[in-house]
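So, here come the structures, one by one.
Below are two complexes that have subunit A in common, paired first with subunit B and then with subunit C.
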Partner chain A sequence: MSYLDLTIAEIHRALLEKKVTPLELTKEALERAKANKENAFETICEKEALEFAATLTEPEEDNLLWGIPYVAKDNFSTKGIETTASSNILNGYVPLFDATVIKKLREKKAILIAKTTLDELAMGGSGTTGHKGITYNPYDPEHKHQIGGSSCGSAVCVAAGIVPFALGSDTGDSVRKPASYGGLVGMKPTWGRISRYGLFPFAPSLDHVAYFTRSAEDSAIVLQALAGRDEYDSTSSFKPVEDYSSKLGESLKGKRIAVIQEILDSISNKELLDAFRKSVEAMKAAGACVDYVHFPLDLLKSIYATYIVISSAEATSNNANLDGIKFGPFRGGKTYQEVMFNARTQGFSELIKRRFVIGSFALMSENQQELFIRAQRNRAKIVEATNNILKEYDAILAPASPKTAPVLGSSSSDKLSNEYLIADNFMAIGNFAGLPSVTVPLTFIDGLPIGVNFTSKAFDEAGLFSIIQAYEDITGLKGISTNVRKEAKL
Partner chain B sequence: MNFEAIIGLEIHVEMKTKSKMFSASPNSFSRDPNTEVTVLDMAYPGAMPRPNKQAVINAIRVANALHMTIDQDVYFDRKNYFYADLPKGFQITQQFRPIGSHGYLDVLDKEGNTKRIKIERIHMEEDTCKQLHFADYSLLDYNRAGVPLIEIVSEPDIRSGTEAMHYVEAIRNIVVYSQTSDGKMEEGSLRCDVNISLRPYGSNKFGTKVEIKNINSLKNIEQALDYEIQRQSACILSGIPIQQETRRFDEASGKTVLMRVKTDAVDYKYFCEPNIAPIHLSDEFVKNAIDTCPELYDAKKERYLKAGLSDKDAEIILSNIDMAAYFEKAIEGAKSVKTVANFLIVEVNGYLNKQGCPITEFPLQAKDLTEISNMQEDGFTHKQCADIFNYCLENEGTSPADAKAALKIEKQISDDGAVLEFVTAVLDANPQSIEDFKAGKDRAIGFLIGQVMKMAKGKVNPAAVAKVMNIEIRKR
Partner chain C sequence: MKQITKEVLHDAANRLLFDMSDEELDTLMEEFKILTQQMETIGHIEGLESYAPMTFPFDCMVDYLREDVAEEPLPREEALKNAGSKMDNQIKLPKVVI
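For the complex of A and B:
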């Protein structure tokens, strides 16, 4: 155990009391990173991190992120640090500018120690498709299980106690799903709350900057640093940033929580359902009003198809800039068509090409009405049904995944089953509607963690943090990491 | 002519805003290649577009001048295609909701009658980068990538090359005088693509459309279309089908030349740009954009005509916005707008042509020209004023008043009483000339006026002398 296994708030106190220095923290984080066996890193920024940490000598009392090491998914633009989005097409690409969130964290004097692996270009949910291969679940030293994706490397870093928080991105559930498989708090705030400037776009209408922590309180602290209008992102909100810790410590008394019955119905794992129901009873006992509500089944079953059509369509356009002409490996060619063809043929994996074909097909004028426009309309229906529930409830609650982390190489579940279509994919609702949505640990099953997901009204992040903090008290899983669990024998 | 020409125009105008359409990169055209570039212009991952406010204001002004309906919710869309000059792999444009729609322009047709051309849409978009092709490689200059454009698309209402030329001329005047663009066709800041098809008179069907791209002068529009109408007529009459193709105008031969036959149209897979939040324009914003629009060509011309200028003179002055701006300054405090115009058109233009310099480099200030013109109004002859003008040019920094003093120019006598003395003396001394005049020799009066001028050493006003002489000679 080290300070790195503590929460941000706890590390901050230790820094203020000078029990530890940013340089010591950074050195240890780097050591842990280098010793890590889960294939979580694209680039370890040892030199830059140590240099920056050495400059941090006077603790800043009100700045909770002062001297705190963190990592960022390798799809955030970092000036002077190679950024590949785990795709061969961007090998060697060194950005000229920092993403707004990277800049903000630097201003807060948080220390970036590494860029982490992801599913190639953030398209995928398994953590297995990046150009560096599979990223493993740190709760399984035998490396038989996924950590999930696409923000796989960032999830590993927080779960394994390398850093107390990590940046990721969430287009379908790319932070909230690995948070479930990694026993983490995975937060995606309202669309527009955090600037996306410098986040490599996958599907901008669904893309969110999101992040991992190990507690509700830390989640509030990190959002406090990241939130706000950014003139470089015209879609960022002008709404003033509120105090995200203001509601921490509130009890569940009077909170109205909706559990969507159809999601539970689609789940087969008894242990999960039992643990979930127990936590619901505990919430009720703590004063929450929890109702089982209905959501049109057809709409729930259509989430995945809707997501694939919209996200692939946007993705094919957003990644059209990767043509081998301006940056990334140049693969030669006699004409511009050949240059592009060679760069893209060799630069993208089959999985990515498949998505581009789907996206392009959906946008073709003869298909657009039937696929892309129809998916947009369906998205609007799903959003409306969700907002209708949130008119009467503070949050919607469901297990964040139907199972613990999948076994690597196992044939994936039946993709037409309700369990896959609904329980494994419903979290995209949060992206469709741009609502704050967070995964928080529920329990461990056979040594692997699994979480639940809460989704609240737009811009009600503070309310959401208070609910998940109370939920932490119920599960007792605040601050869990592989090291903490090993020592506490939880 | 057996056929009716159906012509529609697409005009692209490069806006001269300070920065680009969606990035903070400067937009000044005149620098070394690839120096006016930001991460967005080169489509670096994660860079995001931010619409240029001045570009929106310009588009509103032009839309208003074209009598268009303005959409107060600004949306952008993506036009997706792969091309070497397209950094992002898509162009941000306004496919679904153009900022202006349903407008018109009244222009003169071939017979000189006013004709209304309907305009379908005006929308904002961004330019691509510039390509330079060499034998075995190509170079790309991203300075142009992201330069703000407006595209103006007419309905197929145009029927002749002359109409098309007048239409483009009117649009050029609007974009130039609203200070949206410098509107230089030859430099590509106003680019014109033409669609033309023929059909028999009386037919409702459209023939096969041919596109002519990048015509680089007003005159060439007329010529290209006149040629194309002839070419297509000849084809149809001899049974050769018109192909759907893209042609260009070859200036040397005065002909249109085939560039490529169009195969299936490219599917641009348009969809709404998700990285730009829709912008609502308040009534006040739109009104302000329109109210603060610089005075347009037609309004200026009307004002000049009212001030007494001929149609031709007004057009000469307005043919160059810098000349018009100089003129505007020079007529401030001028006693006669017409006299200022004459000086500008004859003396100033003469100097500029000789020196080969633009009016922006003309050494005399506008207020000097005002002063010189006013001297003429105060009774100095045009010749005297022109001498002052030339003296000022030859002795830079000399004011017209100092030039007048240096040249010892004095006002001529035009008072009838004073003139009469000279006239009487000359008539008395030249009885033979009076006889000649009475015998019908009109030339005699010219001789007599010359004698007066000689006697008065040029200090009398010739016009006054002529007037008095004509009266007095008849009294003899």
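For the complex of A and C:
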């Protein structure tokens, strides 16, 4: 086993004891990246990573990210490194500044080794729509399964043991869903907790910086480095950053967990439901109070449409700057409108165009009340129902997906079925309400991992980490990757 | 609400400054069929009209300006680096007024 297969906390101890150096770690991470077959990379930053790693010679005891290699989704601005968001309209674009999270990790002396693939412009949940094609699930060497998206490449890198953590972004469930399909801890903190300066905007009222790790403890470590107010992001919170590891090790005794019955009712996979119920019983045995609660069915079924309308409307205006003039391939034309028309027609894939038309249509004055404003009112009602549950509970728990990673090319689920509308899309609640929400592995079904999702009160990340760490003890799946296989205890 | 036809959607695409093929518009029509059906159902959710449209998860009022810190301006070559059409240190586009 390599040091890369350990958790951040474990690698840190090895670095302090000088059993391994940042340069050795980086070289091995780069080797693994180059040998990877899942189409996870936009750019491998070999030269930059090796140069930086070579400068790190004196370990910093209190800096857990010192010398740790990581990757970032290719929608974070990285100065001097091509950043395309996996879209042809941004081919060749080299940012002139670093996103705040990239800057913070550099200050912590974590080593960026690569930029990773995503569904084009982070719109999509399959990991199949980026300009480099399909990104595959590393748990299936035959490449028949999705890893999910949109943060597909970042998920692969952590699941395949290339790096112990990876940056992603989450607007609907773009970190938490691939975390379920990749056996990972996928964390989306409270809206405003992490600065989004330098993250390409998709739908700013829903966008979050999020990330993957292989343990609850590591998730707390990474948030500690990323959280905090940023003068360059007016939506970042002024709330003081707390010690996110302070509650690790607490038992589940007295914790109040709500399971939404209607989400479970929409799921048909018996093995998943069985493992889920066993984990609930184990949580109860560990002292937690777990109640099955109700959520209005009409609201649950309305999440997907609400999400598509709001996110598409916001995306339409946010991406108006992609014109092929200031950056991106210049396609020529007789007028400046024709220049933009050619750049956008050739630069966007079909999926992106469809989303933009939906968004634009929803914003037209004659449609706004029945589409955009209605979706925004419904968002408020969904958020109210969610927060009402959290008034009495520490967290809401549900399977993070209704099944393991979908087979590539299979006919998509019935878009009007309850399983699709509810169990496949409910995690957008965390984006509507801006609540901290995290996926953590539950079990394996036919060799593929699947996770559960916990969502808690705004800014209660420390409490959430303590719950998922206790849950890791129940499942026995802390630290899993394709190199570190474990049997689920359930 | 405006009636959804292929022509309306094609016009919307063109106003967003891109084109879509006939086949792409067919897929979009199907998507709209499902979406408008669901949005109509949402319209029947009891009491929905009494909710104020939610634009952000939380209030995030910022009522001050950042410190006025002097910084070096972006060098011209940097600013032009990503542009595909340039001439005489400027971004070159077709003439607007001929």
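FYI, the second predicted complex is superposed on the first by the 485 of 490 C-alpha atoms of A that agree within 3 Å, B and C clash if a C-alpha of one lies under 4 Å from a C-alpha of the other, contacts with A are read in each partner's own complex, and residues count from 1 in each chain.
Methods note: contacts are C-beta pairs under 8 Å (C-beta built on N, C-alpha and C of every residue); 3 or more make two chains touch, one makes a residue touch a chain.
None of the values given here were measured: they were computed from a predicted structure.
Q: Which partner does A:200 reach: the first (subunit B), the second (subunit C), both, or neither?
A: A:200 sits against subunit B, while subunit C stays out of touch.
Q: Who does A:305 touch here: subunit B (first), subunit C (second), both, or neither?
A: second
Q: In the overlaid three-chain picture, which partner chain does A:420 touch, first (subunit B) or second (subunit C), both, or neither?
A: neither
Q: Would you mind checking which one, subunit B or subunit C, touches more residues on subunit A?
A: Counted on subunit A, the partner with more touching residues turns out to be C.
Q: Just checking: does A:363 make contact with subunit B only, subunit C only, both, or neither of them? Give me first, second, both or neither.
A: Only subunit B; A:363 stays clear of subunit C.
Q: Please indicate which partner A:321 is in contact with in the superposed arrangement: first for subunit B, second for subunit C, both, or neither.
A: The answer is first: A:321 touches subunit B but not subunit C.
Q: Check the residue A:383 against both partner chains and state whether it touches subunit B (first), subunit C (second), both, or neither.
A: In the superposition, A:383 touches subunit C alone.
Q: Looking at A:76 after the superposition, I want to know if it touches subunit B, subunit C, both of them or none. Which is it: first, second, both, neither?
A: first
Q: Where does A:353 make contact in the superposed view: on subunit B (first), on subunit C (second), on both, or on neither?
A: So A:353 only meets subunit C here.
Q: Answer with first, second, both or neither: which of subunit B and subunit C does A:85 touch in the superposed model?
A: Only subunit B is touched by A:85; subunit C is not.
Q: On subunit A, which stretch or stretches are contacted by subunit B in one complex as well as by subunit C in the other?
A: Of subunit A, residues 93, 96, 192, 205, 231, 234-235, 316, 323, 325-327, 336-337, 339-340, 360, 364 contact subunit B in one complex and subunit C in the other.
Q: Which residues of subunit C touch subunit A in their complex?
A: Result: residues 1-2, 4, 8-9, 12-20, 24, 27-28, 31-32, 34-35, 38-39, 41-45, 47-49, 51-58, 60, 62, 66-67, 74, 78-79, 81-85, 91, 93-94, 96 of subunit C touch subunit A.
Q: Can you check the complex and tell me which residues of subunit A touch subunit C?
A: Touch list, subunit A to subunit C: 92-94, 96, 191-192, 205, 231, 234-235, 237, 298-299, 301-302, 304-306, 308-309, 316, 323-330, 332-341, 344-345, 348, 350, 353-354, 356-358, 360-361, 364, 366-367, 370-371, 373-381, 383-384, 415-416, 431-435, 458.
Q: Can you tell me which positions in subunit B touch subunit A when the two form their complex?
A: 39, 42-51, 78, 80, 82-84, 87-90, 138, 140, 267, 269, 271, 274-277
Q: Which positions of subunit A touch subunit B when the two form their complex?
A: Residues in contact with subunit B: 75-77, 83, 85, 90, 93, 95-97, 99, 192, 196-201, 203-205, 231-235, 313-314, 316-317, 319-323, 325-327, 336-337, 339-340, 360, 363-365, 368, 372.
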